[in-house]
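Sharing a structure with you now.
By written order: A, B, C and D. Residues from 1 in each chain.
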Amino acid sequence: MTEATPVELMTIAGSRLLRDGGVVFAGVGAPLEASVLAKRLHAPSLTIVLEGGSIGPRMLPGRLPVSTNEMRAAHDAYMLTSINDLFLYGQRGHYDYGFIGAGQLDQYGNVNTSYIGDPDQPKVRLPGSGGANDIVSSCREVMIMTRHEPRRFVERVDFITSPGYLSGPDSRQKAGLVRNRPVAVVTDMALLGFDEETGRLRLDALQPGVTEEQVHANTGFELLVSDAIGELAPPTDQELAELRWLRDGITSDIPRTREVTSAP
Amino acid sequence: MKSAGDKRMSLAEAAHLVHDGDTVVGGGCCYSRTPWAMMLELLRAERRGLTLCRNLMCYESELFLASEAASKLVSSWVGIGLRWGIPKVFREYVERDPSIYEEWSHLSFGMRLMAGSMGMPFLPTASLLGSDLLDRTPAQHIRCPFTDQLLVAVPALVPDVALIHVQTADAIGNAQIEGPAYMDVECARAANTVIVTAEEIVPSEAIVRTADRTVIPGFVVDAVVEVPFGSYPHECHGRYEADFEHFDGYTEMVVRDGVAGVQAYLEETVHGPGSFAAFLDTVGASRLLERRRLARELVAA
Amino acid sequence: MTEATPVELMTIAGSRLLRDGGVVFAGVGAPLEASVLAKRLHAPSLTIVLEGGSIGPRMLPGRLPVSTNEMRAAHDAYMLTSINDLFLYGQRGHYDYGFIGAGQLDQYGNVNTSYIGDPDQPKVRLPGSGGANDIVSSCREVMIMTRHEPRRFVERVDFITSPGYLSGPDSRQKAGLVRNRPVAVVTDMALLGFDEETGRLRLDALQPGVTEEQVHANTGFELLVSDAIGELAPPTDQELAELRWLRDGITSDIPRTREVTSAP
Amino acid sequence: MKSAGDKRMSLAEAAHLVHDGDTVVGGGCCYSRTPWAMMLELLRAERRGLTLCRNLMCYESELFLASEAASKLVSSWVGIGLRWGIPKVFREYVERDPSIYEEWSHLSFGMRLMAGSMGMPFLPTASLLGSDLLDRTPAQHIRCPFTDQLLVAVPALVPDVALIHVQTADAIGNAQIEGPAYMDVECARAANTVIVTAEEIVPSEAIVRTADRTVIPGFVVDAVVEVPFGSYPHECHGRYEADFEHFDGYTEMVVRDGVAGVQAYLEETVHGPGSFAAFLDTVGASRLLERRRLARELVAA
């Protein structure tokens, strides 16, 4: 088994955060891969929901979706519904986890996927919110997954597409975001949590082989630090094999766990 | 009162229902069940000054901008998919003049259409709260008259025209969708004029036999056009997968040549062939049939 | 062919008001029968919609629905949807006609199907609005069908379940009812219209054999009178035979017109 | 977080999810796809002080009042059908004390559930304007923040429990409905606890094969009970027609004996038989099968 890539480290760490029996609204890419991996390994009754209206899909290994709205994302779903319905289940409070990516994020977990630079004279136009703003406004526990790079982890985002703690818990409350909260940022270098008093990001655990200094060097703001920084367990061979099989559809030597369905 | 009779016509005839300056909403989502044939027909007919709206936009965004068919886009996300990123020419247009792009979240965009489809001038949502999107849209804070909860009111979107591609419809416009419905039903209900393209036009008897699968009633529809592979190179659930190699080719042209690449693509797929059917001929039957086979692997019959 | 009963007279007169190609939201009973009759005779492309979510049904003769929500009301429909959706098409402005019955109505076309007497100490509890209030608030042209009896045609209804002109066009406008209007009341004695300046009911035409005096005697308020009162044409043998066949499912000697479908 | 596992149980077990004083909403409409078996089970379990809500109510209205299971009803219409008129005992109860009945229009009632199902505390509607219903409900006038249009805001209805009867569901609660959906989906989405009874429990594989027909996702459901003929004597679309002779017999008893007639009916159909299956036995197989035959005449397979 070749060593885990940074994206694989991040994806596997993310998958471990999802408890069995929950409902996760996952964005395309690493969050979706983490969710599918969790479902195949330790969380067989996890329900994955995807933006395009897909509830409870099971992915065909080697044919992971390129967008969350296409047929690949609907494969073996329990329910295929409308986009509004899918989001409104979230607004009603039915989703335990919201799992998104981030173009740029700041110390309060605010995410920018709209404009780099001044929005009136932007340097770069990004793809936009899609469902991310809705996910962070509604899913009970919001988790963000992104590569750990200084250009992504900035003091203050240029544009708040998807609010985290804004400028602290009070400001989030005042803005009307009273029913849920951001809980974690998973990267290829670390697992970050939120300090509940300040709403600021805090280093909770390191990816295997990563130092605290490396994390700070790659973070463009002053990152709080947990009293007891943990170390994330390295990916198991099973996790890696399963993830690669999902992505590439090519079997490895490691025996794969078969998916357990919760239904009769 | 719309006609209650036979509404079948050609793509070219249907294009006459769209006028310069109209607000046009497209059904489907990103590269799924896109009303691609009808969109190309609007480009062929050289409509101008449209406001093009779609919940997630694919590279039709830059086809409409670069051909000057659209002067404004309204969406929540513009991209082609993970593998190809954000359409380059779209980016250039918006970076030059951000006012041509109105940005919403996916649900708040959807609630605008839902308001329109309900005949209501607004709807409340918990999205957009605290975000900078709120300041750059006409959305406003509102308080619940019963609970005083702080919410966001979004204004109804009532497009002049909705373009919807479905798997089956009858001649009077009763339409059925397989797979996710995306926002097509809201689009069709909100818009003043509705153009339905369908993989197959079926006898009304077939619609009646499966009436609980009908999601768009004939009385909201103005035109029905039979267009097999009407979403190609995008996908149509259960019928054909998207043509990712086609996307590769397109992206290559545009990354290399920018606006000129878009023009070349339009020449190749719209103006050169002269009709959607002729465009499909340039693609070739075996390539289309392979897309069908790939779809069958994903969606059990 | 035996003579038309009062209810048959009313139903047939009502059916003639529906133009081909329109969409009519019909209440159960006489309004529904009138709509089905119109569709079978002069308005083959009329689309009937019913409260329970049925769009474009064709009734099975002899098995007309007893409520508008049941299987009989869904027979051969084009679309079966949810109740909210069905009403929201109306709120969006897609229905040309709303056709309802009335327990009690007044000179402004206000309808009461809630309480006879003081609502706080009622003499009689009626079934309620059901969809009637929604129909009169949304369908472009509202038509009411009821037997012509003094106890039904009262000066002022005890309770406005479904507003007509309230106390005149201004009051209707002021109440926010700006997108549609009541246009006709069809009874077994007459066809009544609304005076556009006052919003009051006006005698427009008499059923065959009925006198103006009889109408006034059966109306509990001062009924305006048209400058030129018309006389409704008597039911044709075809109308009567078709109506009875629909109701009873028993064929008569008169050849029936076969329903023309507008679809290929 | 609700269970994501097997939720199959008996009617009696499901009744434990409903508590005295709860607000309970019933699916279906009038005598169509009524969750009749589950309603009778609540009467058998002698729940008290419920607020029973349903868009159009049939004679369950007076069963719940006369047995003291419900102390309040919320609806837009109460009747049995043209042939039988308004339930007599319901009338007597409301004429004695109108405060036990909260009256809405059909759509405004529906918008209350839709608000609940959307997680919104209110929704706007153009219904109720100018009517006396507006003054006797918590509904309020509201103006559109964009157009200033005068509208009515209705407060969300978030029932403690929804009772839903469907044709098919799987063991984890994914449910499919044939024919009109009535307000069942809104009920299931709005309520905090959801009990689904189904004509048949099918393997999840069958649900997956027809995923675009699933209208209630398992994650909102708390209990799944297989109850064939679970709406009888009411109808279930495509499965069996209502038993109009049963309604005749019931109405006769109640017109003759009032509350005592209702009690006698409950003795005959609820307490005497002791279970819904035993009640169906008292009806007899041939009578049930005749209802199936009549349904097949109306709904082509």
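In this section, contacts are C-beta pairs under 8 Å (C-beta built on N, C-alpha and C of every residue); 3 or more make two chains touch, one makes a residue touch a chain.
Treat the numbers as computed from the prediction; the structure is a model and nothing was measured.
Taken together, chain A and chain C share the touching chains B, D. The chains in contact with chain B as well as with chain C are D.
Across the assembly, the mean Cα position most removed from that of chain C is the one of A.
More C-beta pairs touch across one of A-D and C-D than the other; that pair is C-D.
Centre-to-centre, using mean CA coordinates, chain A is 40 Å away from chain D. Chain centres here are Cα means. That of chain A falls 28 Å from that of chain B.
If you average the CA atoms of chain B and of chain D, the two centres end up 38 Å from each other. Counting partner chains per residue, chain A shows two or more touched chains at residues 74, 80-81, 88, 91, 138. In chain B, the residues touching two or more other chains are 119-120, 125-126, 149, 151, 179-181, 212. Taken as a graph of touching chains, this assembly fits none of the simple shapes: it is neither a line, a ring, a star nor a complete graph. Chain pairs recorded as touching, per the definition above, are A-B, A-D, B-C, B-D, C-D.
Looking at the complex, you find that chain B touches chain C at residues 1, 3-6, 116-120, 170-172, 174, 189-190, 203-204, 207-208, 211-212, 214-215, 217-220. Chain A contributes residues 28-29, 51-54, 60, 63, 66-67, 69-72, 74-75, 80-84, 87-88, 91, 114-115, 119-134, 137-138, 159-163, 166, 171-172, 175-177, 179 to its touches with chain B in the complex.
Touching chain A in their complex are the following residues of chain B: 29-32, 55-56, 75-79, 81-83, 85-86, 90-91, 94-95, 98, 101, 103-108, 110-111, 113-114, 125-133, 136, 141, 149-151, 179-183, 185-186, 235, 237-238, 241-242, 244, 295, 297-299.
Of all the residues in chain B, the ones that touch chain D in their complex are 119-126, 138, 140, 142, 144-147, 149, 151, 153, 155, 177-181, 209, 212-213, 300. Across the complex, chain C meets chain B through its residues 20-23, 45-47, 55-56, 74, 76-81, 88-94, 96, 138, 261-264.
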